[in-house]
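Two complexes follow with subunit A in common, the first pairing it with subunit B and the second with subunit C.
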Partner chain A sequence: MTGIDDVPRGAPQCRRRLRLTHEHEVLLGAFPEAIALLSALCVLVASLALGLRIQNMRNAARWREQEERWQPLVLGCLAGDAAASEIHAAVGPGERGRFLLYLARLARRVDGPERQMLERLAEPFLEGLARRAGRAIRPEARATALRTLGALGYAAHRDLLRAAVSARAPVVAATATRIVAARGDSDDVRELLRRISEAKPNAADAFPPRSLFFGPRSEPALREVLASRSAVPLSRILAASALLARGGAEAVEVAARVLREESPPFELATHLLGMLAASRDRRHLPAIRPWCACAHPETACAALRALGRLGAREDVPLLAEAAGQPSPWIGLEAARALLALGEEPLLAEWAGGSDARAAIARELLGAPR
Partner chain B sequence: MHPPTRSIRPQASPTPPPEGDLLDLPARGSSRGEIADRILHAEDDDLNAALVRHRLEREGFDVRRCGDGESALAEARNASYSLAILDVRMPGLDGFEVLRRLRSSPPGVSLPVLMLTSLDGEPDIAQGFGLGADDYLTKPFSPTELVERVRKLLDRN
Partner chain C sequence: MNATLGGFLDLTAVLAFAYFAFLGASYVILGTTAFFALRRHAARARLIGVDELLASAGAPGITLIAPAFNEEATCVESVRSLLALRYPEYEIVVVNDGSRDATLARLSEAFSLQPADRLATASLPTRPVRGVFRSARHPRLWVVDKDNGGKADALNAGLNHCRTPVFCAMDADTLLERDALVRIVRPFLEDGRTICAGAIVRIANGSAIAQGAVSSVRLPDSWLARFQILEYLRAFLSGRMGWSAFGATLIVSGAFGLFDRAVVVDAGGYAGGTVGEDMELVVRLHRHCRQRGRPYRIAFVPEPVAWTECPESLQTLGRQRDRWQRGLAEVMRIHRAMLFNVRHGVVGLFALPYHLFLEMFGPAIELLGYIGLVLALATGHAGIGLLSGFLAIAFLLGASLSFAAVALGELTFHRYARSSDILRLFLLGILDCFGYRQLSSWWRIRGLFSFLRGRKEWGAMERRGFATPATEARS
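Now for the complex of A and B:
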């Protein structure tokens, strides 16, 4: 290789190029060391990953072995073939947490006398779990303990679970909320809706029906809250959302009555109109029609959507008038409803004109359906 | 006590039957000269399947499990079963689709079907019965109630 001392004088460009070459030499000299360092890091990380993987596999194998040992005993106990004491004897002191998790998985699948039997099986081990649910440092550990308590000892630890709904840690509060909602005891549902309404101004959006599952037992309390004029509007919206998710026919009757007889806030009215639309029951059309003229565009749109689903030819004049509204959202929703009712020729006629409805009609007729 | 049914159901066997082709297995209750009712259970969840299998086998039924809709449909069409228990949410075909296809052509048209699913909304239950289910049980379920429903269905059919 050419060194810097070999560069002839009077050739600055060449010298600069050769100086660069020298810097490259320094870099190249360090390259093997860098490669060696990176390789060592890679080996370290791979070893760590392998070690964790092996540990996970061992844990999974141990848990599988434990569950295979417990399963015949527990299923036999549920069928009345084994005594609870036999099962308690088969659970070592270090296995109790895992055993409770296994029982909780089963408890989420069974109901009736078998569920009660599982709760009796878990009872001797729940005190330690309740302490963990209240005092564990990590919120995730508290949430896991609450989930297991909810599955196996709801009645005995109801106060703890209800209090956890207002916990500071979101994961704990959300877990407790889901447990209480899924259980669906009337008092708890009323209290839960009240707390959510007070705690979160946007609760209706924060707890859409898909993320907050109310159990079948909750329906009477949900209907009661929905029908109550004294309940906080947000509670009623949450109740309406939950009932809409459950698809209860009686709840639709309550929703129609509220729309006919009250002047609910527009957010609640929007939810109720969604319930009526989902019911596909045309008996509720009289409760829907007046809301098409609601001053709040979101509610008016919900009413127009409902008319598009349930309406008939007699609703065409109302929809045609709404299509000419200054609000483009209302106009578009009304035109969509007309299209849903088979009024394509009317839209085609508008599309040829030059008024406000023409653009909407052209857009709808040109869009893929 | 349950009324007598068309199969004799002995007490629980301490060991589960070996896995394999049920056509080759000695039928439960055969010691008294009767053939156990064979039940097809379509369920993708292992723990649910174990719950159902344990209780029904304890009652003397022969249970065959399929983990997805396609295999359940093929099994129901190709082998002889006294009853099918269908979950709805399964990989591939869901339970409603399996039921619809069963009811569309023999031999599944007359096979008694009990839906065992977590879908507990009124529209879901209506859909199940509308497609031709003979009974509908929602999860979480009581295995004792399941046995009663199965017996009633078998007696009726």
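Now for the complex of A and C:
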């Protein structure tokens, strides 16, 4: 092989030709390896695709077959026609994981004695699952095990679930948090809110606490956190939004007091105003009115909405003034409140004009109600 | 002369090999990252169902903004599919962007539109609005009729009439899955920093459409459409998913994307006079948030939620690719200050340079490589061994990427019910390298020249309309 060092000086064209030849030789030498590597990659990914296809089809078929086998037995057991031992005998050692997933899916749809029966059916297999929840290498596998444990054996594995709330893997912590919020008692929820408020906000993959569903047993703790001036704002916001989602009736007095006596953050105030609006209790109007002039549009809108639901004729001037504000959001909400209070003639009068209120009035009066 | 040619061939060889090396390395990194990100997403989706999230977090209201320009063939079917979506609170604002065909008449007739007043909540500049209409039968359907100003202008007009915290920018001819909004809203529920979310858009050509929804997924008869299906799979599952895992999503398809209304209005809305308004907005949102130190997230949901009709003629496809390339070049010009800028993190240091060198100039380098190879062969600078080796590597790289996209598709959503379709996709992955890829590069080079010449037009798109099983049977 001719190399660049063998080229005599003073012959540039020849040198160039030889240099290229040398580079091409090097390239040609590397081609077989590169081609072999890429061919192997092609075969590998194609096999992966086909393998996944086959696996998906087999899994779907196996699931169907297993569920068709278990369904009559489980339904029979729920109806009292079959014994739990019959079902346990029908579940092979390699099928326990899937069987628990199947029961967990059913358990999420039922309550009361039916759920208790499903929990009894799952009981003999839960120990293995608890080991998996603590030791599995893949976080997704741990989280799946926790989710099943939460659905079928919360009481017996409460400590494990509570500890998992602080797990380092976000998917495990998120799953445990949701389970504890939904199924935990006041102690669990108090502890949970404390831990959430200590967590780093906006961390990558951070758990979204605002999307938590709190179960009925958490209500005393939620009311307590909402009323506590020393609780961090995030905990109080979570408590308020959870109580609002539950109807908020029991916490209305607390909400009104916080709005009257404190200067809560806007997001908390918005939830509290929502709770007062839902209460339909006119006694709380004095707590609502000052918030109509709030600098935060979302909070002001929540106050105007509440006024539309609970207000009286005496609130019309306040609402009429708000309807003329430059913010279209506040203007619209105030006009809607006026309409809800039966002030259609006032809106009809505005509709003939040419200011910002006219457009709002025309839109609302033209809207189907 | 020989020295000049040698110099040119040297340069070409270095450029082409560097390009292929970077392209291959980028694809391998993005593909591997996408694989793990997809697995994570699938696990998370299984563990915390979106219905569960919606029930607890509450669903933010969404306004679907659908600009329509000469969409008489598909607009009624598309709006029907929008009206059938499963989502608690949403409005539809169709913006008729000065259509010269019967788009407005078709909508008016199908949905009993009546003139109505609607207060604008933002004042982004747009071409004059001629009128606002509301459907007498579907109160959540509004139509804004305006002078023609392009897609960006139409989206801004829709945005001015948006009342919800989140809006969805889409094409009027996009068909959405029934639970498209439920699925794409997930990042907004999970992470308060989310300002934008994109999802997978798939090609509906060949699939059966019933009552405004894709009822059975099939490969189309047209080879051109089949190649595009594979191209979309590669782009969405590997490229966009990979960049999303690095927090550097630059493109959210104009056919379907969800945005935080307040942030977009604050950033100035869509840039008028651009042809790549979707990418431009996303890059601007990165810039806007980073300059203000605002924590943000631009998410990508790796689920197929929207279906679109792809061109089936070479002429229309060529025009579309020309426009896409001009859009990319426009974004690079407008946001050149972000390139290699440390302040813009992964976006400035990696994502934008990748799009500049590999996506924008890539086709030109490819063409140069082909020319160089032919010249080298003709002048004896290279032998047939080099040529065949080079082509074999290019082919194998392309094929492995296509196969990987099919594998990622199987990992996430195995929507092709027939296994024969998967085998056909493999075949397409092999055939793709012989002609289609080169043609695509040519269109993109043409787009680059169009950009340099200052061409701004959108380019006409021919729509056949979605085939329903009944019409298929008749034809």
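Here is the rule we use: the second predicted complex is superposed on the first by the 198 of 369 C-alpha atoms of A that agree within 3 Å, B and C clash if a C-alpha of one lies under 4 Å from a C-alpha of the other, contacts with A are read in each partner's own complex, and residues count from 1 in each chain.
FYI, a contact is a pair of C-beta atoms (placed from the backbone, for glycine too) under 8 Å apart; a residue touches a chain by one contact, two chains touch by 3 or more.
Just so it is clear, the structure is predicted and the values come from calculations on it, not from any experiment.
Asker: In the overlaid three-chain picture, which partner chain does A:Ala312 touch, first (subunit B) or second (subunit C), both, or neither?
Answerer: Neither partner.
Asker: Where does A:Leu212 make contact in the superposed view: on subunit B (first), on subunit C (second), on both, or on neither?
Answerer: After superposing on A, A:Leu212 lies in contact with subunit C but is clear of subunit B.
Asker: Kindly classify A:Gly112 by the partners it touches after superposition: subunit B alone (first), subunit C alone (second), both, or neither?
Answerer: first
Asker: On the A-aligned overlay, A:Ala348 touches which partner chain: subunit B = first, subunit C = second, or both, or neither?
Answerer: neither
Asker: Could you figure out whether subunit B or subunit C reaches more residues of subunit A?
Answerer: Higher number of touched subunit A residues: C.
Asker: Which partner does A:Ala61 reach: the first (subunit B), the second (subunit C), both, or neither?
Answerer: The answer is neither, since A:Ala61 touches no partner chain.
Asker: Kindly classify A:Arg246 by the partners it touches after superposition: subunit B alone (first), subunit C alone (second), both, or neither?
Answerer: The first partner, subunit B, only.
Asker: State whether A:Ala79 touches subunit B only (first), subunit C only (second), both chains, or neither.
Answerer: Touch partner of A:Ala79: subunit B, not subunit C.
Asker: Go through the superposed model and pick first if A:Ala89 touches only subunit B, second if only subunit C, both, or neither.
Answerer: So A:Ala89 meets neither subunit B nor subunit C here.
Asker: Once the two structures are superposed, pull the subunit A residues common to the subunit B and subunit C interfaces.
Answerer: 245
Asker: For the complex, which residues does subunit C have touching subunit A?
Answerer: Contact set of subunit C toward subunit A: 2-3, 6, 9-10, 13, 17, 39-40, 43-44, 46-48, 52-53, 55-58, 116-121, 134, 139, 163, 189-193, 295, 381-383, 385-386, 389-390, 392-393, 396-397, 399-400, 403-404, 406-407, 409-411, 414, 419, 422, 426.
Asker: For the complex, which residues does subunit A have touching subunit B?
Answerer: Residue list for subunit A touching subunit B: 71-72, 75-76, 78-79, 81, 105-115, 216, 245-249.
Asker: Could you pull out which subunit A residues touch subunit C in their complex?
Answerer: Those in contact with subunit C are residues 12-13, 16-17, 20, 23-24, 27-28, 31, 34-35, 38-39, 41-42, 45-46, 48-50, 52-53, 56-57, 140, 143-144, 147, 171, 174-175, 178, 202, 206, 208, 210-213, 245, 328-329, 331-332, 356, 359-360, 362-363, 366-368.
Asker: Quick one: which bits of subunit B touch subunit A in the complex? Just the residue numbers, please.
Answerer: These residues of subunit B touch subunit A: 12, 45, 47-48, 50-51, 54-55, 58, 120-124, 138-145.
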